[in-house]
Amino acid sequence: MEPVPFAITLDVGSSHANRTGSWRVNRPRFVERVPPCNDACPAGENIQGWLYRAEAGDYEASWRQLVEDNPFPAVMGRICYHPCETACNRAQLDESVGINSVERFLGDLAIEQGWPLPPAGTGTGKRVLVVGGGPAGLSAAYHLRRMGHQVRLVDSAPMLGGMMRYGIPAYRLPRPVLDAEIDRILALGVDVVLDHAVRDLEAEREQGNCDAVFLALGAQVARRVEVPCGDSSRILDALSLLHGVAVDDAPALGRRVAVYGGGDTAVDAARTARRLGATDPVIIYHRNREHMPAHRAEVEEALGEGVTMRWHSAVSSFNGEHLVLEKMTVNEEGVPEPTGEFEQLDVDSLVLALGQDADLSLLDRAAEVRMVDGLIEIMSPTMMTGERGVFAGGDSVPSQGTATMAIGQGRRAARGIDAYVHGEELGDPPRGELASFDRLNTWYYSDAPRTMRPELATARRQGTFDEVVGGLTEANALFEARRCLSCGNCFECDNCFGVCPDNAVVKLGSPHGYRFDLDYCKGCGICAQECPCGAIDMVPEADMVPEAN
Amino acid sequence: MAAQPVRFYQVGSFAVGNRLLGDDDRTVQSDPARANSLDCGHRACQGCGEALGARYVLDAAMRSSQGKLVAINATGCLEVFTTPYPETAWRIPWLHSLFGNAPAVATGVAAAMKVKGRTDVRVISQAGDGGTVDIGFGCLSGMFERNDDVLFVCYDNEAYMNTGVQRSGATPPAARTATTESVGPEPGNVFGQGKDVPRIAMAHDIPYVATATVGDLRDLEAKVERAMEFRGARYLHVLVPCPLGWGSSPSDTIRIARLATETGIFPVYEAEHGRITRVSTIRHRTPVEDYLSIQGRYAHLFGPQGHPEVIARIQAKADGNIDTYNLMGEEDDGTAPSGSGD
Amino acid sequence: MLQQVEGSRAVAQTVAACRPEVVCAYPISPQTHIIEALGASVKSGSLSPCEFINVESEFAAMSVLIGASAAGARAYTATASQGLLFMIEAVYNAAGLGLPVVMTLANRAIGAPINIWNDHSDAMSVRDSGWIQLFAETNQEAADLHVQAFSLAEQLSLPVMVCMDGYILTHAVEGIDVPAQSDVDAFLPAYQPRQVLDPDTPISIGAMVGPEAFEEVRYLAHLRQLDALQLIPAVSEEFEAQFGRQSGGLVRAYRTEDAETVVVALGSVLGSIKDAVDIRREAGERIGVLGVTSFRPFPFEAVRQALATARRIIVVERAFSIGFGGVLSTDVSMATHDGGSRLHTVVAGLGGRPVTSRSLDAMLARAALDDLDPLVFLDLDRDVVKRERARLVGTRPPEPTADGVVGWLGTASGGG
Amino acid sequence: MFQVRIHGRGGQGVVTAAELLSVAAFIEGRHAQAFPSFGSERMGAPIVSFCRIDDHPIRAHEPVIEPDGLIIQDVTLLHQVDLFSGLTPEGYVLVNTPRSVDELGLGSLVGRFHPGRLASCPATQIAQEQLGRPLPNAALLGAFSALTGAVSLDALATAIRQRYPGEVGERNVVAAAAASRAIEPSPSELSRAAAG
């Protein structure tokens, strides 16, 4: 064949000479935003991170990502009130991702598989005293060990776990699960001292010549109100009720049990009473359901179990048989006020669930540690108290008072302590931009409703302390994990690679993502517009320093 | 693109790819080894829907034909912006002859391949809406009627964009073009005109007819691959928004195409041997305003001097389509939603 | 083999012997017998492998050939008159892309008024298209030229049009020696395309070429036509060597040695002209004939030499450029502008009007008496024209009837 | 050169007749040319075809204006068309009719043309007998060869057999022969002279 005709016939590849990148006035750029779930997690978990691994079915990697921040997946998967799910963008699409249930699946799988936590770090020679073996203390101990510090963990109780063991009923958190996750931490080598109440912190610290202290004292002192009554033996507080049940020393309550209070503890108490044989436990609360601090799910389950509620009522007196209630009303400021109207309720016992206080007597000599509302005041984001080297967390500091929060504080304190013992100071960790729902291109996400965790038949629940809420099957967990929208972070869906009219996106292959070929990118912005998770920004060329991306 | 074995709810089956899929299950466009039949360096406008659609169509056809593909091109934007001497953006054998003869030229290529025993080589002919519904229509109908072994693809941007946005037989009612200006009592293109070429194609009883848009690229790819399973005359009508001619943002090209289907303005379906076999149902029904208001060519319908009555007529047309094609997927008539991985 | 056969069938048999791989058919008189016969031989299997495609228009016919040729197939069709005009865009395109398709043009007039009979207006309408245009004087030559056409087209990568007078040749039954398959196979190698659509070596054919290169593209096309001026005689000689008879070439001179008067023409009218010239030769007149076979490319040099001795050149044309005059005449005068000869244009046989040797003889007689106008309409019915002109006087401004043009050119009609 | 003009109506095989005549001449090794009067006439319309026979190559492709022989396939054309225009004084005329030339009222012609070169032939009747169909071509040509000697009956028979292989051809040959016998006397020598 002779050479092809001049000009009318052309050879392939010749268009590469035409660098259409010069047309561009806006340049695409990949960004990483903070997903709402991560943002909302009190324990500081990288939830999107471990869901991403779970989506691929690599559950161990997912679990390992999880325990980077929180050593209690199985516990959290049961008792966490999962603010992550409340924040989840997917809720605006169909239903939020069942993060908590996936966490529990991973936690249980880890226990079943006997996966060990990451090993302790190489010794630093530093010693840290941790007072209190609840979620905050154990979390701090775990992180401190991974940093290579020696940990002396003291607790006044005969067993570790704090409220997780003595406050939360077994039907919500089976003890073997708790034990398994605690043992896994202890396996990192923690010097544990039980049945040891610290009276004098300074003394304790010197004795163990510790470089730093973490106070995770909890709040075990039940608040009381003056209830005029004839027979005080018929009145007890929720904490001792739950504690008693936890140590197989359940008090006799009778058939008719009234619980006074509106928090989760009140609900736990009522449901516990039901299981102890109370036929019709009733919760008495001086406001209505909307104002009830207890978590919705807990209340739902309680109602399902036959617990009844009495709104706008305050206990005025109890003579051991007749419980006198005063009707309450709410004024325009929304503050409850007595009405002067009374009614009577016959009950066998009254359980008070009005909150708890911390016992801070051990700090009497620690002058620099400041207090606020009977709790330890925190002076820095790393949980340091007024006294240098003394850190605190959990229920003994002002906070939501959830186990998850406590675990997060333990972690933060550990980071602070690590810095402190190395003579450094940690500031606020930098906060990235939030990945909001409006940046998502939701058309690409197909509707996939959440998988509800199977629940025990309510019939079976009453009377037993069997776990109420079951776990997910592997298929369900995978399904749930894959409902994650990966808000604000590329998950390699290839959209940008596919939708570019100029083939100007280079696919680097997982996990490296993509690169923009600025020689040919005309800056049309389709990639940014069509990115499902909002991980691409268009930036004016004028603002760009001349460099390849 | 077959339904994914991996049910990946993160993106359902709608995004281009999915890091969890095996190579065999990947879309063509998610494959780094895709043909890029229409290569970079072409001179299409920013956000050109036709350039995007063409690469999708040809890459998919390349995969289906194991790289044995020849493309014919009618005169038009696609031809002009891909092959201005001395540069061509085509990586496949490609021939441009005239505006109105792309179907016939393809017939000739197919005949030559047949007579030479090269039945492994497949032939695609492509044109814009002008080259399809107007000037090329005679040749197209002849190619259909003879059932020549050609896949003809119309990239429909609803006007003569190459020459400066003049009305074509595919220009929708009320749309402003350079020859249907937005002035007078009936601004823009008039109602009651235009040609429904997919239906006309179906009337030829050819093996395969389908409509698609660049708003659902997986569906587009799937339809090309389906079309390539047939021999004989096949027709694919692809809606490709044109930022220049439609007065829309380049970044909105795909979004607008998607709205065209979600409003019911552009029904997406498949037909075999003259019978509709599958309709892409609307996932989130949307009022036509959402589609019209982001396009300059409909700007005269909005604002104080707007024409709500015209918008209402367009809505009525969209509703008519939803009815006719059962785009909401009401009562099970055997049509499944588009691309759904479920 | 010599046989008494219709011209169309002889051409069809010859084309079939050239083993075309794609043949397009769209009917238009007077070309129909050719494609009918080809269709039959494809259906019967005697011509195989070959795709015979009944297209929907002449525009499609040429378009299909463009695709087929670009894909490496030897491609053929036949048309005439309106059909050629309907495909004209594709005709230019085939030449521009350098695709060696071969087409028979059964010459016919162009309407309106609609007229199915012979003249050369159709061929003249595409003389600038870049095609090689060969005119057949006889049915024998029509058949032979097709064999040479494929050879020329494929060697030059240019399309070739074989023009034969509609009806006069296409429908005439005569003794024709139809080229034998074995000879054609020996003469015509398989088609080796200059460029081809092949997935193994992808190229883009038909780029858009702007001002920076378009003029060069056109000039290169012109040079290719000049190459053809060398190749056409060469192929004609090869043909004679293979088939044992003279056919084709650029021009054919008849009794022009020492001729003072030379009649120039295209196509079958040369027969009657030669009869008339023989008679006048016998009467001692120094007159000859020059038949032009290759109208495009136009062989200026060959024409100039053949007319070297001529003082009087009479171009008999079956076509007419309205508002101007002769078409072939213009080319001839350019070839002989420095020869000092007088040139007459004789427009004859428009729309199928017979060109009789009787009328030709009368015209030549007037020429011999130097009584022939520069532009003559042979056998023009003066009375009809006068009546029509008279009818129009005073009604509205004169319309450009033929006579109006003649008047404007300051000529009168001659002949019978 | 011997030039023939055939008159008939569309669909009667006028063109075929001219072609058969030319083929017969070709078979005899002579040069021949047959062609129709080009046009778009439909079935039933009066049409003509032409045939030239010569010992030298025939260059002209113009219509026959001064025929040496006329074949009138359809007698009903006699008074509608100027059938005899351009016919040379020595020319032949063959009319397809069972009636005699005199009966046709062509008396006026007898004076103008060579006596004995005007003949009629019941070709349609012969065809009806031999073929069972009114296709007069073969019979007419047989008669015409007898009348003019332009081509031999043998060559004509060969041409007919080429065109219509098998039974049909044979019957046509028989018809042609029968018709040629019906033409008496055959002044072939004269005609050859005329044709030469």
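General observations
Letters are used for the chains, namely A, B, C and D, taken in the order the chains are written, and counting of residues starts over at 1 for each.
Note that contacts are C-beta pairs under 8 Å (C-beta built on N, C-alpha and C of every residue); 3 or more make two chains touch, one makes a residue touch a chain.
As the structure is a computational prediction, the values presented were derived from the model and not from experiment.
Of the two chain pairs considered here, A-C and C-D, the higher C-beta contact count falls to C-D. Taking the mean of each chain's C-alpha atoms as its centre, the chain lying closest to the overall protein C-alpha centroid is B. In terms of their C-alpha centroids, the spacing between chain A and chain D amounts to 115 Å. Averaged C-alpha coordinates give centres for chain A and chain C that are 92 Å from one another.
One finds 35 Å separating the Cα centroids of chain C and chain D. Per-chain Cα centroids separate chain B from chain D by 67 Å.
In chain C, the positions touching at least two other chains are 97, 202-207, 209, 213. Within chain D, no positions touching two or more other chains are listed. Residue positions 7-8, 10-12 of chain A each touch two or more of the other chains.
Checking each pair of chains for touch leaves A-B, A-C, B-C, C-D. By the touch rule above, chain B contacts chain C in their complex via residues 67-70, 72-73, 79-80, 82-86, 88, 90-98, 100-101, 104-117, 121, 138-139, 141-142, 145-146. Listed in rising order, the residues of chain D touching chain C in the complex are 18-19, 22-23, 26-27, 31-36, 38-40, 58-63, 65. By the touch rule above, chain B contacts chain A in their complex via residues 7-20, 27, 29-30, 32, 36, 38-44, 46-49, 51-52, 55, 82-83, 85-91, 217, 243, 249-255, 258, 283-284, 340-342.
Chain A contributes residues 1-2, 4-12 to its touches with chain C in the complex. Residues of chain C touching chain B in their complex: 21-22, 49-51, 53-57, 59-60, 63-73, 75, 89-90, 93, 97, 197-199, 201-210, 212-213.
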